[in-house]
Structure formats: C-alpha cells, structure tokens
Amino acid sequence: MPEEFEPIAPGHSACAGCGSTQIVRWVLKEAGPNTIVVNATGCLEVFSTTYPYTMWRVPWLHVAFENAAAAASGVEAALKRMGKKAHIIAFGGDGGTADIGFQALSGMVERGHDVLYVMYDNEAYMNTGIQRSSSTPLLAWTTTSPAGKVIPGKQQPKKPVAWIIAAHGAPYVATASIAYLTDLRKKVRTALSIKGPKFIQAIQPCTTGWRFDPSLTVKLARLAVETCYFPLWEMRNGDLRTFRLTYIPKEKKPVEEFLRPQRRFRHVLQNPDLLERIQKWVDENWERMLKLHEAAVNQKL
Amino acid sequence: MVVMTLEGNEAAAWGARLARPDVIAAYPITPSTHIPERLSEWIADGIMDSEMILTESEHSALSACVGASATGARVFTATASQGLALMHEILHIASGMRLPIVMAIGNRALSAPINIWCDHQDMMSQRDTGWMQFFAESNQEALDLILIAYKVAEDRRVLLPAMVGLDAFTLTHTFEQVDVPEQEEVDRYLPKYRPVHAFLDPERPITQGPLGTPQHYMEFKYAQYEAMNRAKGVIVEAMEEFGRAFGREYAPLVPFSPGGEIVLVTMGSMSGTARVFVRGARQEGESVSHVKVVAFRPFYHSKLAELLAGAKVVAVVERAFSYGSVGPLAQDVAYAMHRYGIKAKLANFIVGLGGRDVTLRDFSEVLETSKRILKGEEDPGVFWLNVAKEEVLKAEEVIWNA
Amino acid sequence: MVKKVTVGAVVPWPGSTAENKTGSWRTLKPVIHYEKCIRCAICWMYCPEPAILKVDPDKYPAPEGKPAIAKLPAVEIDYDYCKGCGICAEECPVNAIEMVEEVK
Amino acid sequence: MFEIRFHGRGGQGAVTGANIFAIAASYDGYKSQAFPFFGVERRGAPVTAYARISEGPIEIRSFIYNPDAVVVLDPSLLDAVNVLEGLKENGYVLINTTKKPDELGISGYRLATVDASAIAVRHGLGTPQAPIVNTAILGALVRFVDMVKLESLLRAIREHAPAKKEENAKAAEEAYGEVRIW
C-alpha cells in the first residue's frame, strides 16, 4: 500500500459525526504536507489540540478567536522574508469568520495576503454551546435565539459572508459541501493555484448544534445543496461575469427535506407559515443565483 | 556612531531599523504614528529590508506579529494608549507563547475623555500581561532600549516579549541629539534571531497555541513567571554588554545623588526634570536623592531596597494611578520596602496625567510634602498634585443634590 | 506525577492524539460485511476521525466474481478510534456496513 | 541654557523652525531640544514651539515658562496672544514686522524686527497671504541672539528643510542681513 498523506490523526475529541474534520482533512489532503495551518478559536481548535496532544501533522498555529486572518497575514509575511514557500490555510468557524473575526478577515483580503481562508460553517457558536451567529439561518433555534412563544428562533436571514468577501475583489471565492467531495477538492486546487487571498465557505452540519443523528452529517451536507439552501458556486476577482454555480440539482428538493432531520427546526416544521418563510428565502436566493449564473454563462453581463 | 537631531519617534524607528526586523505590523495612532511612517518610508526607499503589514487595527497588528514571530521571524510594532488597550488580549498570548516581540509605546493617556497626551496609564494597564516593560527618559534611551529589549527578549533564558515606553510628545515629538550606532556595531551586539522553540516549518510540524487544561496551565504560567525573574539577570548582562559595545551605561534602576533622607522615585521623561530639581535642592541644603526606574517589569525589588537604605521618606512620583488604591509604581516600591526591611515612610504623588506638564514646581511640592511627612506633620498617602480638587467636588455636588 | 511541559506550550508531537483511544466512546459499532463491499472507499473518505484504514487488497475477501474490485485496497475499521457515529454505514452505497450494539 | 519660544500660526512652520534651529545648534556643539506645544490646533490657529540650547546635557523636560527669547512669526499674533508672557527681564524679542519699536509698544526687552514675510515671498516661500517665514526668521534670530552660527543654520536648512532648500537658505541669509536690532 502506498503511503497516503494523512494530515490529521485520530484520537481527537470532536463529537462523534462532526463534519469539521472532513472539511479539514480533504482541504489539507489536496494542499499536501507543505502547508501551514492557522486556526481561529473554536470547536476545531479545542478538540484537536488539547495539550500535550495534537491531531495535526502539519505546522499549526492558533492565536485567538477573532484574528486567524491577521495571524495568517503575519505568517505569510514571515515566510516571504525567510524565502520559504508553503501553502497557508486558515480555518475558522462562522463566529471566528463572519462575526468577531470579520474585520481581520476583511483586512487580510484587502491587503492581498496569499492565504486560503476556509470557513467551516456550522451556523452558530457551537464551541460555547450553540449560540446564534450572523451565519445562523432564518428561524433556526439556538440557545440565544430560542423558539419562544412570541419569537420563533432567529429573526434574521443568514449573512452572505462569501458574497461580502467576493465584493472585496478577492481572487477566488467559493462555497463547498463535503457531500460534493470532487467539487470541494477541485475548488481547493483552484484556490491554491491562485496567488492572493482566497475564501471558501464550507457548510458543516453539526450533529450537536443542529440536533440530528450523527450518522446524517454527510446526508445533510448533501440535502443543503440539493434543496438549494446552500448553493455551490465560485467567483473570481469579485467579477460577476465569472460567477458559476458548480452544481445545479436536476430536481430542486423542498427545503423541508433538509430541515426535517434537524431538531433546531422542530418548531418550523410544526408551523406551515414558518416553513413557508424559509422556503421563500431559499427560493429567492436560489433564483437570484440561477439568473446570475445563466447571465454569466451566456455572457449577458 | 552618527549624532542626529531626532524626535523620539524617529529614534525609536532607528532602533527598530537597526534591529533589522523581518516583519513589522502596525496601525497608526497618535503619538506613535511617526514610527510606522518612518519605517514605511525607509522600506519604500529600499533603505530597509523588512516586510511591512499595515493592518486594519492594532489588534490585528499584534496578531500578525504573533503569526510572524511564531513562524520564526524577528518582528516589531509600535502603538500607544487605546491601541495598546486594543492589543490587550493578544499581549497575553504573545507572552504565553513565549514570542520575543518588541514594541515601542508612545505613552499616552486612556479615554475617556479622549486625550492624546502623555501619561503611563496605558503601559501600567498592561502590567500583568507577561511583557517586559522599559521606560525611556530620552530619545537616546528610546533607541538604545529597543536594542537591549531585543537582546533580552530573544535570549533563550528569557523568551518573553518586551515593550519600550517613550512619553507622548515629551519624547515622541521632541527633537534632540541622538547617537545613532552603526549597523555593523548593532549586528555584532544583536545577531540574527534563530528561533528554537517557536517556528512554523513543514519539515518539522509543531503545534503552537493549544488548549491548556488545568492539568498543565499552571506550569506554563510558572514557567513565564520564572522566565521573567531570570530576565532580571539577563537585562543587567545585556545592559552591561551594551555599555561595552556602545559606550553608554544602562541599569534597571539608576540612582542619583544618593544618601538623602528623602528619595524621589520616577519613571520616564520626568526623571530628567527630577534630577535637575534634586541638584538644585541639594545646593540649597536639602537632603534629597533620586532613583530612576528603567525596568518596571521585571521589577528589581531587592536592588531598589539597597538604593533606599537610609531613606526616611520615599516619594514615588508617577504618571499613573490605581482607582481606589495607590499608584502601580508605588505598589512595587512598597513591596520592596516591606520585603527588605526599609523602614521609611512611603508617599505617592500622582502627577502629569493626560499631558499635564510635570514641572520643577511639582517636585518642590513633592519635597515640601515629604518634609512635612518626615516631621510627622502630615500622614503619608496618595497625593494628587496640580489638580483643581475644589472644582471636581463642586461638579460632583451638583449631581448629589440633583 | 511527571508532566510533559514545553516552552510556550508548543506541542512538538504531530499526530499525538493517536495516543487517545476514542473507540471507548462508542455505543454502536460498524461492522463491514466484506462479501458486499465494493471497495469504493466512500466510508474511508467520510470517516471524521479518520478511523477507517485502507489495507492490502488481499487482507479481506472481495465479493465473488468481481476480479477488478479485488485489486482495490480493502477497508478496515480501526476500532481503537471509531466513535461509532455511523456515517460510514449511512453513506455506504451498497449497505455493506451494519451498525450493531457495542458489547464491552 | 538658553530657552526660546516661537509663536506662529499653523502652517507657517514655527514647529519646523524650532526643529531646524535645534539641529543648527547641534552643529555648533550645543546640546539642543525642540518641541511643539502639544495641541490639536489645525491650520491657521496660533501655535507655539520651543527650543532649548545648552553647552551641557539638557535634562529638564517641562515646557518653557520663562524663556530667554521669544520669536513672533506672525505680527497679527501680537493682538491675539501675550507673546511676552514669562519672558525674562532684558530678554530677546524678535518680531516679523515692518513696524518700529514705538509702534509696537514693546519696551524693557531687547527688540529686533525683520520683514520676514517680504523676504519669504521674494524667495517664493508661500504666498503673500500666507508666507512661510520660518527660515527667514531663523536667519534674523541667529544674528540677534549671537549663539548659533549662520553657516550652521544654512547647513541645517539645506539638510532638513522639507522643500525649496536653496530658497529657504537664501531667505535666512537675507534676513540675517536685514534684521534691525533696536
């Protein structure tokens, strides 16, 4: 058997069925061993590096919650100075990326550092016990957006963080799902072939926070795409003419199929009006992207 | 050695330039903005060969410094006041990871109200972040202490970050003569940084910044505590070597006109004014001495006690204070006196906050008050000088009576 | 008690979580029915630990009458680490993995 | 120790003037210090800058309350600011003006005047409305207060003036010749 590069070791303390290691493992397999990882505070950082143990087989740095992009900027500058070349990949959850770490990320992208930033998007602050983030979807239950009698879950839609990064003019921005492994690997490959700041937002079903059976992680990552809740796309240089949906389901499934296994949406599934609100959000978002895709493909932009 | 007339910020920038940092990450803030400006100019003109990261905040500036230092580079940054406060979280992380980052601070007051002028509250607020802290009295010291700080920070017996404070405007924007050493001399004093514990190298993959559980956390903190204690010896060595290399003498504590019954203790730029005062007062027959504190962290308690031997009143004059307590410098002086049996009375004078000028008249008042304390006519305590106390009380009373 | 302490809490032991046998977390245990396994390695791809190994093609019997499959690496579950999440069983396209009650 | 206070308006170069003076002094072997009054004034507002020169090290760091000399870069400041405040008895007063001592109403001090504005404008430094007079006034100053040599001042100007180095040096030289010491 030829030795295959395994960037991470087992024995870490992620929840059984956690999707974050799947993202990390396949991003790093694609990048290869000549890679340095910078990790924001979050589940991934905590379960993978409980001293004196580390899951990582590549050089790895964690500084704080909100500054992975800034720390990665420093790593990049230092490597440049020291005449060394390696891929620099930052991992952050939605909190460390879209919320508290957003300023540092925006700065890193604006300055043009040669870093691939991968956001593992589990749609809430899972490390601290499922609090809402700006990436938490409309009406989802979290401990700080409870499904109350008056207010049924989070009242705001999911923040379109990848779009915002694309609007910076970042050389490459994409979304990904572990259920579409070939697509994910190709996007990582593309990203790493481009110099400058790259951003990939990967949906990461969280068994604990989304409250589903741990065996369903990949299935939910697939349903997120097939219901068009989390479309897969890519774009270069913030140029809408380069926008492409990288997967268009032959048949768009109702969002209910994605929501049903998740107890964070239990109150939604019991209330047709709420379900309709989510479906409407999904439909509008998807329509917009589909139109953009078609216009871009047909060079009508 | 070339004598130049430089403002304090330029002197600090020269210190950084001569240290040849691989990476500089900075965010501008008054009064230290001229430091990254000057460094940017030198880099833009090809005079200096460093990577400059102009971040979107001080928090990110220090974070980038941590990233670069963890990669194995020598790094530099500069900030002040609110910027340093914004870095607070990362200050702990830099020292916890034992990264020898050096930073210049234009010592400036903290908001509110917003104030761009000098005091030491910014660095005092970061006292316990695990950074070595030095205070410059002059622009020359600002340059020299940056080189000394690197020497100590990168010493394998220490491996701790260091900040060098230079007083806002009083130094940062004041021009005076500075001996700028030759690059070759500095290269001999401060060889290239070779990381031994912290690097990011795919050939030797290590993990930096893990989770430390109760099983291990305390050991890491003890290690930092001991490293800071060890730094006391290393600082003296580095200062002595600096003296041999450049002909300028440095010490963590600098006594002046010793043997007086009343000893003034100060830090930073007011130390020169204090010496001028002491010299004059001595001529008028007053029994007064002065000690300048250059190294505040680590603090040289036993050495200070030696310098205070025979004193009857120790007057700590400082540009910082502690709400509901005595000033931070006075706290350490008090511990030194208690620990090493100095029986003198301790008085704490708060002066010069938010850029209020520290004058010879202030020191006269310090002396007069100290003499009353010596004679038992006044209780020692915390004295705020040159402040309109009645006006403050009047304003408060308006609220109480509303 | 002897403690491992490094300067700056650096962990110079890459992959050292392998010392932790997380197999003890398991309540359900995946069992591969090799007679059904088509060696597509999807289970290996999706195992989040990763606790599924690729092993020598000859180590396990391949489904009868499929010589091409028999040349592919076989998969094997590393029960030292498998937490029993069941993703492998869920994703197996031929239902060759069964989750059974863990007996300890 | 000799202490000087400069009065100008934001944009006239009082602060740069004090700095150049300190540099010039250093060429003559003096120790020197120059610093602005650390305000938040913007263009046009009255500004103050200070310089100290001394044969020995300068240790004092407080502002200058009792200067040996005051230098007024803008004659309109005479109505706005008490430029003589704290000036030592028999101290030096140098004013950029065409007025005579009796018109200025200043007595009890050593007085000198120079039309630095006209000199600056002749050398293309600023505009008639907003002349940049700092180097011209320094030329007058080194003649009036005989401590720093003209050559040292010209060298400092040529090395450190932010722009128009030669014009600034010429202006200083001309003012050196034109200053009227009353």
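We call the chains A, B, C and D, going by the order they appear; numbering starts again at 1 in every chain.
Everything below uses one rule, namely that a contact is a pair of C-beta atoms (placed from the backbone, for glycine too) under 8 Å apart; a residue touches a chain by one contact, two chains touch by 3 or more.
Because the structure is predicted, anything quoted here is derived from the model rather than measured.
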Pair sharing more residue contacts (C-beta pairs) when A-B is set against B-D: A-B
Separation of chain C from chain D, taking each centre as the mean of its C-alpha atoms, in whole Å: 83
Distance from the mean Cα position of chain D to that of chain A, given in whole angstrom: 63
Computed distance of Cα centres, chain B from chain A, in Å: 43
Whole-Å gap between the CA centroids of chain B and chain D: 34
For chain A, residues contacting two or more additional chains: 49-54, 56-58
Residue numbers of chain C (touch at least two other chains): 4, 6, 9, 11, 14
Graph class of chain-chain contacts, one of line, ring, star, complete, other: other
Those chain pairs that satisfy the touch definition: A-B, A-C, B-C, B-D
Contact footprint of chain C on chain A as seen in their complex: 1, 4, 6, 8-14, 16-22, 25-26, 48-58, 178, 181, 207, 213-219
Sites on chain A touched by chain B in the complex: 33-36, 38-39, 45-46, 49-54, 56-64, 66-67, 69-82, 84, 86, 103-104, 106-107, 110-111
Residues of chain D touching chain B in the complex: 18-19, 22-23, 26, 31-36, 38, 40, 58-63, 65
Footprint of chain C on chain B - complex, ascending: 96-99, 159, 197-198, 204-210, 212, 215-216, 219-220, 223
Residue numbers on chain C that touch chain B, as the complex places them: 3-12, 14
